[in-house]
Structures are given as structure tokens and as C-alpha cells.
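Okay, so chain A shows up in both of these, paired with chain B first and chain C after.
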Partner chain A sequence: MNLLFYISSFVAVAATIMAISRFHPVHALLYLVVSFLAAAMIFLSLGTPFIAVLEVIVYAGAIIVLFIFVVMMLNLGKDTALQEKNWLRPKVWAGPSLLVLILLVEMIVLLLNAQNAIMHVAVVDPRKVSLSLFGEYIIALELVGFLLMAGIVGAAHIGKQKKKILHRFLKEETMARVEI
Partner chain B sequence: MNELQFEALLPFMVLAAASMTVILLIAFRMSHTVIQVAAFLMACSVILAMWYVKDTLPQTIPPLFVVDGFGALFTGMIIFSMMAVGLFSYVYFEEREENPKEYYILLFLATLGAAVLTISTHFISLFIGLEVLSVSLYALIAYLRNRNNAVESGMKYLVLAAVSSAFLLFGMALIYMETGSMEFERIAQSIKESSSSVLFNMGFGIMIVAIGFKLALVPFHLWAADVYQGAPAPVTAFIATVSKIGVFAVLLRFALSVNLQQYPLMITIFSVIAMASMIVGNLLALRQQNIKRLMGYSSIAHFGYLLVAFLPGNAAGVEAASFYLLAYSITLLAVFGVVSVLSTRMKDAEELAVYKGLFHRQPILTAVLTISLLSLAGIPLTAGFIAKFFILASGVQQNLWLPVLVLVITSVMGLYYYLRVVSTLFAAPSSATIAAKSLHPFFSVSTYLALIVMMLLLCWLGIFPGRAVEGIREFLLIR
Partner chain C sequence: MTVMQHIWIVIGVLFVLLNIAAGLIWVERRLLALWQNRLGPNRAGPLGLFIVLADTLKLFFKEDWIPPFADKKIFILAPAIVVGSVLLSFVIIPFAPGIVVADLNIGLLFFLAMSSLGVYSIVLGGWASNNKYALLGALRGASQMIAYEVFMGLSLMGVVMLTGSFNMGAIVEAQKDMWFIVTQPVGFFIFFIAGIAETHRLPFDIPEAESELIAGYHAEYSGMKFGMFFIGEYLGITLISAMMVAMFFGGWLGPSFLPPLAWFALKTFFFIGVFILLRASLPRPRYDQLIEYGWKILLPVVLANLMITGAIALWMRGG
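After this line comes the complex of A and B, so read on.
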């Protein structure tokens, strides 16, 4: 199990670094998916399968796919990659990295000096979660449904385009006129 | 959940079902008129449901809700305000927006959120109710999406409300860390056992940010004027009444159940916020030429007054606050009703110049507006005076001299700008404008009737407040 943990942690760190440093947004997002999957693997190796599954479903499955869709719709091409390249200069990332390095050193010192302690972990399985969601908190769950409905109705209204009524003959006519 | 608990939730379920019904009506391509009438009938049925379950109260629905007299009183105020807003909306949106139907879905959902707030006894239901309310409000504020102001103010509200929700969650998390529970009752128990808890104070202090944002209290008031100006007039009325009633109700319930007023620190924080709101709100309103912005600033001041009734934390304070909210919401609905009736197709009637010499063109509207402005200023024989009197009485009982003094002084300052508007109404008319003929005679007449009823209510509450106070007291005793 320990080996599994180290391998997946290594993958997670490598994928995250790649996600930050890629210039093309889609490449970066793909690495981000890998990073989330690796995090899920870490949870699995620690013995919490439910959280691992949630990580895959919610982060990798839903949120990142949404991100990728938006990026595809925006159709970011080479220009953006060039812009990113311009932004990612050492001057920009040196400061934050230095500060993070301090934190890293701190953490390593703490880890080296640590005594072994037993963590009290209460395992929450899917059954418990769903029982409390659909048991005592059922009304809250239904209200969340209404919350989503409010969001959808609002977005649909504000995003609605004005309907253009163009008869196809009229359209051809205007096109022809443009050609002339 | 047994049958009685189910019954107690009936009004809220009817409210939720109403939004679904509106969706179905839209799906069947019903006209705006049909939807308006159906929405009105469904709001009536919510009230009927409340009347029907009144005798079975109080009911607790653990762990999230308690439906008691307090909740019923505030829910009633919310539903009545929503009905008035819906009535004003017909003529307003019929003329301005090619697509006015989704408005009613959002209106019902926002009302549902506010109503859930009034009965919640748990942080989860508090948060979800608040989110239902604010997500619907984002869309309602930006509903006239062709106007630049509307989209801008919608964005402003969205960003600030999202930040304030984050604060709220963080505060809840801190309190949960300290007490190990999110139910108000159990939080109260566990902080009673451990006397001074830094984490609880921190947590509630952070929650005040979110609550202060929703109520537009002073350090968190920057959105108020812009959003009031940019939102459509009926929606502004909705923000000013329904959303604030809901948030204030849940604040009051939380404070009562954890005995917040026994902590000197909390009293100090709320006194400072109250005094700052009264002073800053009134000062900013003094030179305002735009009536919607003026109402925004005056609402900041009025919630400062309301906090003075919140400070004592006893039965008299709760009664005073309930009466104040009742009088204030009727007044604001009347003011924004007049604004939305006078609005033209392109622009809301917000400049003070529009109102110059209104008396010579529209005597009825002028009478309504005058009475409601006098009530806001707190002139005797109107509801505003009695409401302020109750607040002063409850403050003086507890020897809260400083907030009470500030209240009196700032009320006098407030008189200046309310009377400035009133004097504009009766000035000589600038030019003779021809009144446009109304396209919807039935709804125009009913809007006028509603405005006149509100005016009479304001006078009645001002002259004979006894019946209303008794009613409020009766409701508050059901617990």
C-alpha cells in the first residue's frame, strides 16, 4: 500500500506541475484531470473508497469536463498559447514559488521530527451518506433542487437570444444582393 | 415525518408547487394574463393553506425546521408583499419585456427561499434558503437584460452575494468546529456550557458580514443604491421587503435561541453597526436626486433603526421589530408601486424631476406617495410614527441611550429629504404632459386600488395600532 501511495503522489505532483506550466489550455486541463485522478488514487490507497469515487465523479467527471467544454467553445488557438507564454516569465512565477518553497521546507522539517500517532478515522460509507441525505435531510435536498431550477431559469432568460425570423427565400435574396 | 408535521409544511409546499405550475403554464404557451391571474390565485392558496394549518402550530420538523407563530407571521408578511409585487409587475413587464413569463417562476422561487429562512432552525436550511433567494434575485435584478444598468447591477449583486455566502459558510464552519452541531438549539446548549468561546465569537462575527450584506447595513452597504437603481421597480420593492424580512427573521430567531444579547461584545458590535447605518444612510440620502437611490439609502437607515429593536433581545423588542417590518414593508411597497406606475417604456421614473408637480396630474398617486413618505419620516398619524415609537420604547426600557439618541437625531435629518420630495410633488408643474392612455385597464385599476388600500392601511396602523399589535402578539405567543 505504501508503494501505491508514493507512486500516485508522484503522479499527482508531476501532473499538477505540468498543468500549471503548459501553454495550451486544453493540454493543461488534461493534465489537471490526471492530477485529480491521482488524488483519487491516493484516497483509495488510504482506504477511503467513497471519497475516491466522489473525487472521480465530481471533479474529474463533472467539473473538468465542463471546463474542457467551455475551452473548446471559446476556441482558443495559437494566439492564446503565445499570450500564455508571454505571461509565464520567471519574473512572474519566481516570487510565489519562493514563498511556497519556504512552506515546503517547513513541512519537511515537521515531517522529519514527527512522532508516530494514531489517527482516529471514522469511516463514512455511501450507505450512511445516502441514508442521511434521503432521511432527515430530504427537505434540504429538495430545496437544493429548487435552487438549481432558479439558476437554470435565470440563466436561460438572461442568455436568451432574440429570435431572428428570416425566411429562407429572403435569406437567399439578401445573400444574392450581397454578391451583386 | 408524521401527518401534522407534513401539514405544517403545507404552505411552503404550495409555494414550491406554484413555481412548477407557472413552468407548466409557460410550457402550454399560456398568455401573460393567464399566468398573472394563476400566480395571484396560487399566492391566495398559500395564504389559505397557512390559515388552514394555523391551529396545529407549533410543529417542529427536526432537524431543519420549526413552524411556529414567529415563522407564520413573517411568512405571512412575505407572501403579502410578494402578492403586491406581482400585481405591480403585470403592467410594468407587459410593456417592457417581450418575455415576461419566467419572471413569475423566479418570483415564486425567491419567495420560497425567503419563507424557508423564516422557519429554519439549522445552518443547512439557513444557507440553502438564502441561496435560493439570492440565486433567484440575480436573475430578477438583471431581468430587463436590454438595459445596461440592469445587467451591471445584477453582476454587482452576484459577485458581492457570492463573497458574502463564502463568509457565511466560513462562519458556520467555525461555529460548527466549536459546538459540534449546526442546530440552533444544540449550539445554544453547548455554548452555555463553555462560557467564553473565542471561536463562537469569531464565527458569528464572520456571519454578521453576510447578514449585514443582505440587510445592507453600514460597512456592507455599498451595493444598495446601485442595485436599487438598476433593478426593475417591482424587483426593487421585492429586495427591499421580502428578502430583508426573510434575512431579518432568521437573524432574530438565531439570536433568540442562542441568547445572543447576553454577550456584551455582540451588543457592542450591533450597536456600532446600527448607529453607523443610521448616520451614514441618512447622510448619503440628503442630497440624492434619484428617488430609487434615495430609497436605497433610506433603507440602510431604516434597518439601522430596526437593529435598535433587535438589541434588547426580549419580547418587547421582537414585537417592536415585527411591527416595524410590517409598517416598513407596506410603506416601501406603496412607494415602489407609485414608481412602477409612473415609469415610462424606456426608463423608470427615478429622477426627481419626473415628480415635479405630480399633484396636478395624478392626485391619487400623489396622495399615496405623500402618505408613505410621511410614514417613512415618522410623522404622527402614520404607521411609521407608531413603529418608531415602539422601537424607542423598547430601547429606552433597556437603557440603550446612545443608539436611541442617534435614532432621534438621525430621524430629524431624515425629515429633510423626505419633505424635499413631498414639496417637489406639490410644486408648480414644469410642463403639461399628456397622460398616456393605459393599455391594460383592468390591471391598472387594480394596481391603483392596491395602492389606495396600502395608503389606508398606513393611516389605520398609525391611528389604531392596537388591533395589529394584538395580532402580532398572538402570533408570537404560538411557540
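After this line comes the complex of A and C, so read on.
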């Protein structure tokens, strides 16, 4: 189990780096999918199969598909890749990465010195997850529901088309008036 | 179970499934011919059975052409995803007591996860072809499959509620006294409709609609890459039929004059026949009609089914 955890973590990190550094949006999104699948594997190796499968269903299977859907509709091609190339010059990312690297070294040192570095693997079945969701965290769940509802209402409002019912003669008349 | 037994089960399942997928070429064409009052392929071999061989050889020897304007890597990746995701779904199907590749306690969710990954083959295949018809097909496929995935998952939750488990074996065992088709007819019909949409079979083959979009998302594919989409579709039919049998029609359960495996195969082939009959008899709806039908009719019905099932289950338990 430990080995599985480390392999999938490595894949997750590598895929995420690739997702950030690709110029083409679709390629980047595909690496993001791999990253999500690796995250699901991490959950699985930590003994929570339910969360792992939900990760695949919701993130890899639905949200990223919608991302790709939008990218496809916008027909982002060579121009965006060029733009991305311009944004991803070393001048832009060198500074932040150096700082993050320092943090990473600090974290590794801390982890190596930690006393309770043993991984606890306890299998959590779907029943337990649901009981804690609808018992302990019911308020959080309701709040998330509110948020999603607000999102849906907002999307419906933005997507609403104003109905224009014009009689064809009336339309011609107004057009003519504008021309005059 | 020993390791060798596991390996034998995996090899056996793979062998049988791939042969079924190839054999369905013949089954579908003969059945379609039967229902359309003609003969169908009847020349090569007994009853025309060798058409399977001829078709496969033809696909292997065709030029495997990748258009120069396509995104090469993704173009090659897309047909592999469809077969891979469907074959992975078969991992959780209980063919008979003891004959299951992986008896996961989240079996049903694993099936839903794999079927949601199957969308990528259409989306990526259509996009990488860099062809407007393929792109239109991919857009239709993406929205259709994302929408119908929701109803598919929700329609199965009634069964999960009654069983109290996501494990496929437990779901089959729970149908010992009464098949779930009796208690969950609404769930079954919605799962059936969503299953057709998910495998994009006729009448819901809107992503490939040959009369409007040439061949939709796989318009640019040829040779065995096209063959992979083809096999993926037939495997998808087999998968949905097997799921319907396991979830609603008692899986391997049946009178004891036939072994459990035979019951499972018999019921599955019946539903494969129904899939082909639907193709022979129904016209294709318009794209917006399909989506509207899903969100405005199926979603409320499936949610009502879920709530009523939950209420009755609680009431029966003596709440």
C-alpha cells in the first residue's frame, strides 16, 4: 500500500507539472485528468475507495469534460498556444518557483523530523462517509447546496435569451425609421 | 481463490467478451435483416457466420491513415480509451457466483466512473480529427453523455437503497425472492434509456448521425482505429445489457435446470436483441429534443422515483 501511495503521488505531481507547462490547452487538460486519476489512486491507497471513485466520476469524468467542451467550442488553437508560450517565459516563473522550492525543502525537512510519520490506513466504507456527511457536517452540506443553487440561478439568468417578438412589418418600419 | 484462478478468470472473461463483440457484427446484421424482411449476410460460411472473419480481416488490411491536420497523439489515444474504459467496467460484473474479476464493495460506483471516462474517446476523437463534422459530433456526444450519466447514476440508486450495498454480488443476492424489475420498474426504464444514450446507439446515435454529420466523431478514422470504436460500441451494448440483467433481472439467478452462467448469458443476449430491435424500429430524435427530454422529463421522474423508494424503504423498516 505504501509503495502504491508513493507511485501515485509521483504521477500526480509529474502530471500536474506537465499540466501547467503545456502550451496547448487540450493537452494541459489531459494531463490534469491524469493528475485527478492519480489523486483518486492516492485516496484508494489510503483506504477510502468511495472518495476515490467520486473523484473519478465528478472531477475526471464530468468537470474536465466540460472544460474540454468549452475549449472545443472556443476553438482555441495555435494562437492561444503562442500566447501561452509568451506567458510561460522563465522570467515569469523563475522567481516564484525558487521561493516555492525553499518551502518544499523546509517541508521535507519537517516531514523527515516528524515523530508520527507512519501512514494510517483505515478502510472507510460509503456508509461511514454518508453518515458523517449527513450527521456531523450537515450544515456544511446545506451551505454547499445553497452555493450550488446560487450558481444554477446565476447560470440560468445569464443564459436566458430575451424574447423578441416583432411583427415583420413592424420590424421593417423601425428599421426604416432608423435609416432616416 | 488462488492467483492462477484469478488469472484464468481474467483471460476467460476477456476472451469471451472480445469474441462476443466481434460476433455481434453478424448477430446485428442478421437480426436487422430478419426484422426488415430480408436475408442479410448469408454467403460466407454456415449462415454467413464468416462475415465476422471477413470484416475483421478487411479492417486489419485497410490503410491506417492519420490525417496530416490531426493532432496525432490524441487521435491515436481516443479509440483506445473507449475499449479500455468499457473493458474495465466489466471488472465488476458478476457472471456467476465466484466468477467475477474483482468483487469490489464499491462495484456499482466503479461502473459509473468508468462509463464517465468513456466520454473522452468521443470528445478527444472528434476534436483531434480537426474536422468540423467530427467536432460537431464530439460536441453533441459530450453534452449527451454528461447529461445521461446523471440519470443513469440516479436510476440505479433505488436498487442501491433497497440492497444497502454498492457490491454487485450483494445486489444479485438481494433479488433471490423478487427481481428488482418488480419493485423498481421506473428505475429500470430510465436506466435503459440512459444506457442507450450512453452507448450512443440508435435511436440516440446523435454524435455520429450519418445523415447529417457523415459519421460524426469518427469521420476521419479508418482501419483498425475505426474498428476500435466499433468494438467499443458492441462491448458497450453487452455491458449495458449485463448491467441491466445484474441490477434488475436477477443476474445469474434462475431455475436450476440451467447453470447460473447460462442464465446470465441468456438474459444478457435477450437484452442485446432488444438493443438491435430498437435500432431496427425507431427513428432518431432531434438533438435538442433528446437533451430537453432528458432534463425536463427524465430528471424529475428519476428524482421522484428515488424519493418514493426511500420513503417506502424507511416505512417498511418500521420508521
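Here, the second predicted complex is superposed on the first by the 118 of 180 C-alpha atoms of A that agree within 3 Å, B and C clash if a C-alpha of one lies under 4 Å from a C-alpha of the other, contacts with A are read in each partner's own complex, and residues count from 1 in each chain.
The working rule: a residue touches a chain if its C-beta (ideal position, glycine included) is under 8 Å from a C-beta of that chain, and two chains touch if they have at least 3 such contacts.
Predicted model only: the values in this text are computed from it and were never measured.
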Does chain B (first) or chain C (second) touch A:W87, or do both, or does neither? neither
Mind working out whether A:Y6 is in touch with chain B, chain C, both or neither, as first, second, both or neither? neither
Determine, under the contact definition given at the top, whether A:I57 touches first (chain B), second (chain C), both, or neither. second
Now for A:V65: first (chain B), second (chain C), both, or neither, which partner does it touch? second
Would you sort A:F134 into first (chain B), second (chain C), both or neither based on which partner it touches? neither
Which of the two partners, first being chain B and second being chain C, lies in contact with A:I158: first, second, both, or neither? first
Shared contact residues on chain A, chain B side and chain C side combined as an intersection? none
In the complex of these two chains, what residues of chain C are touching chain A? 71, 74, 104-106, 109-110, 112-113, 116-117, 119-120, 123-124, 126-127, 135, 138-139, 142-143, 146, 149, 153, 166
Flag every residue of chain A that touches chain B in the complex, lowest number first. 136-137, 139-140, 142-144, 146-147, 149-151, 153-158, 160, 162
Spell out the part of chain B that touches chain A in their complex, as residue ranges. 9, 16, 19, 23, 61-65, 98-99, 102, 105-106, 109-110, 112-113, 116, 124-125, 128-129, 131-132, 135-136, 138-140, 142-143, 145, 151, 154
Contacts from chain A onto chain C in the complex sit at residues 26-27, 30, 33, 49-50, 53-54, 56-57, 60-62, 65-66, 68-69, 72-73, 125-126
